[in-house]
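Heads up, the next two complexes both have chain A, just with different partners, chain B and then chain C.
And then the complex of A and B:
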């Protein structure tokens, strides 16, 4: 039981890293990975948003939409995307207000990248993957504890956030050292960052296949 | 029938979510409120938004905050110019008097063929380094031509032609980055009281006798300009200097005619930059 949960976490962090395997969330990844402390802050913000968004959307998806579907035959699946984006936007607003009050320097340094988490594909991707990976309630699967599925979805959300944090902190560390290297003039900035990201992705490919 | 129920339930679900988030965010806004001076946002809106750093602050938002806190002057934005400064002064409730914009002027007109070279140079290729290492050309005051100013300019306003920077005054935002980048302080920031301004395009303070070997187009400190337009020109330490405070009262063109090495040249949008 615990092993299964740990496997979900490990898969999300290392094997199916949202940035380096699925190439989602590249905007903050390239934009905020200049310094390690900023990268860590962004990673934590994304983790928080992802966890809350994943849980909330799981609840709505599986306790309201699914219940209405199987219990009453009313299919509200068309609302899924709208509700997901709605919840994510609201959560990001909360994070923004929180950061502005308690970490104003971090808020200033993030600038536009904080509200950009809202439209970021990695958050929506995590929410939608929960359906794809089967951490939701499916009709015909009786006897499955609701809380067990919720735990899976929650850990998936946390794992994706931690995976994003890992990837962005790695990139920040590399970029801080790249500052002292002789990068060709036309590659400086985003160019060399993308190339480094590609090499990192290739390195992380070594994990694929573990866990099936 | 079932369609009606579906629609009603969909509406109810969205409404329920909307209410939930309205209440949550409303409470959060009150509990997590941060007091911000509204003037900061008003100033931020009228700034050009180039985030060039020419004002000395780290971007337009920082500049707006610094102005409201009184740390930077209202006329501090070189890109916005007099119009923006007047508006900022209006928001802050102070009087504003327009000054002249400080525009960059390259005080050297020596192309690669005009300069006397000395040692062969095989190093990194930046002006900063070449200035410290020294010895690659005879003129120790003049432009080295490796383009530190060109690298510093974020607006593509500088082009390097034959080892000399040429400024495109249409693209230049007067941010001052080129002036800061030049290790020999060749790019000066001059108050432009008109579209085109004359300047002495030489920074060399070696005596006149030595100049004819060092550079064909440098200032030999003969004093002809001072004789032609005395209020404007003065020869100090082997170099002619233009007094920009007296510029509006006098005309430098007779001095430019008399100059034997033609080192007093016009700069600006209508001038023929070297």
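And then the complex of A and C:
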């Protein structure tokens, strides 16, 4: 059981890295990856919000929408995306208020990134991929512990956050050195960053196959 | 609203979106779907049209509602409007082109957080009259579709030897599987952005050298 959870974490960080495999969160990936400490701050903020948002959307999706559907025949599935985006925006606000009150030093560090995270596709993508990965409750599939499914979704959220942090920090480290190299004029900026990302993605492909 | 008269007209906005200010190639916005769905031309066209529809509708509503927008609730209102139309598109695709909907998967709902749409609502629709913002939406949407198609054309031809499922390469052509995967997407986009910069620079140099 522990091994299975670890595998979910490892898969999300290395094999199916949200940035280099699913192309999620590319805007901050290209925008905030100039300095390693900025990149790390962004990564940590995303991990934090992602963990909270993934668990909250899982709870809403499975304990409210799913039970209303199976128990009372009320299908609110069409509201799912609107609820998700509301939850994410709310989470970001909450996290911002919470940090400002209890961890002012951390708040100063995250400050500028937090509002940006609402429109970061990593978070919404993670909440949507929980369904694709099968961590949601499914009608007719009895006997699976609700808490087990929740744990899987939670670990998936944390793993995706860490994977994003890893990818953005790697890129920031490379870009700090890239400043001193002679890049062809037209490829400076976005062009060379994307080509570096291609090489990174190729390197991450080497992880596929871990754990079968 | 006297200062609004200096804004570009509808036609200019429409043309601006397609090439001079192409959202993907020039402004580098909305690149998550750009990379994810461009392994086939068909997927790229579907995504482009879906995003254009959402952009058109959201610009329409934001432009109508611009008097009532409160500064601090602005982004939330944009997002809700966008999420509503994305839900409509998602249901439409599921009902009529189920295969395509399955292939694109969660990237369709991810249109909600596509920066192009929020950026146009913020930069254009919430400040302009109805007609220019509709023209802007169409131009930006077509520009987005065009950029997606360019990327998808390169990737599909190299990865499968086909274009829109029609065979274009010779029979003994060895498919470049890597172009279908993530590294191929990053590489193609990087090279397309670089090439686009190169072409623009050449055109500008030619313009400035001629009196």
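Note that the second predicted complex is superposed on the first by the 187 of 212 C-alpha atoms of A that agree within 3 Å, B and C clash if a C-alpha of one lies under 4 Å from a C-alpha of the other, contacts with A are read in each partner's own complex, and residues count from 1 in each chain.
One rule holds in what follows: a residue touches a chain if its C-beta (ideal position, glycine included) is under 8 Å from a C-beta of that chain, and two chains touch if they have at least 3 such contacts.
Keep in mind that this is a model prediction, so the values were computed, not measured.
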Going by the touch definition up top, name the partner, chain B or chain C, that contacts more of chain A. C
Between chain B (first) and chain C (second), which does A:10 come into contact with in this model arrangement: first, second, both, or neither? neither
Looking at A:100 after the superposition, I want to know if it touches chain B, chain C, both of them or none. Which is it: first, second, both, neither? first
For A:44 in the superposed arrangement: first (chain B), second (chain C), both or neither? neither
Where does A:74 make contact in the superposed view: on chain B (first), on chain C (second), on both, or on neither? first
Thinking of the overlay built on chain A, is A:178 touched by chain B (first), by chain C (second), by both, or by neither? neither
I'd like to check the shared interface: which positions of chain A are touched by both chain B and chain C across the two complexes? 78-79, 82, 86
Touch list for chain A against partner chain C, complex: 20-27, 30, 78-79, 81-82, 85-86, 89, 118-121, 124-125, 128-129, 131-132, 184-187, 190-195, 197-199, 201-202, 204-205
Report the residues of chain A in contact with chain B in the complex, numbered from low to high. 60, 64, 68, 72-76, 78-79, 82-83, 86-87, 90, 93-94, 97-98, 100-101, 104, 108, 111
Can you check the complex and tell me which residues of chain C touch chain A? 28-29, 31-32, 35-36, 75-76, 79-80, 83-84, 86-87, 90-91, 105-106, 109-110, 112-115, 118, 178, 181-187, 189-191, 193-195, 197-198, 201
Residue ranges of chain B in contact with chain A within the complex: 2, 5-6, 9-10, 13-14, 17, 21, 24-25, 28-29, 32-34, 61
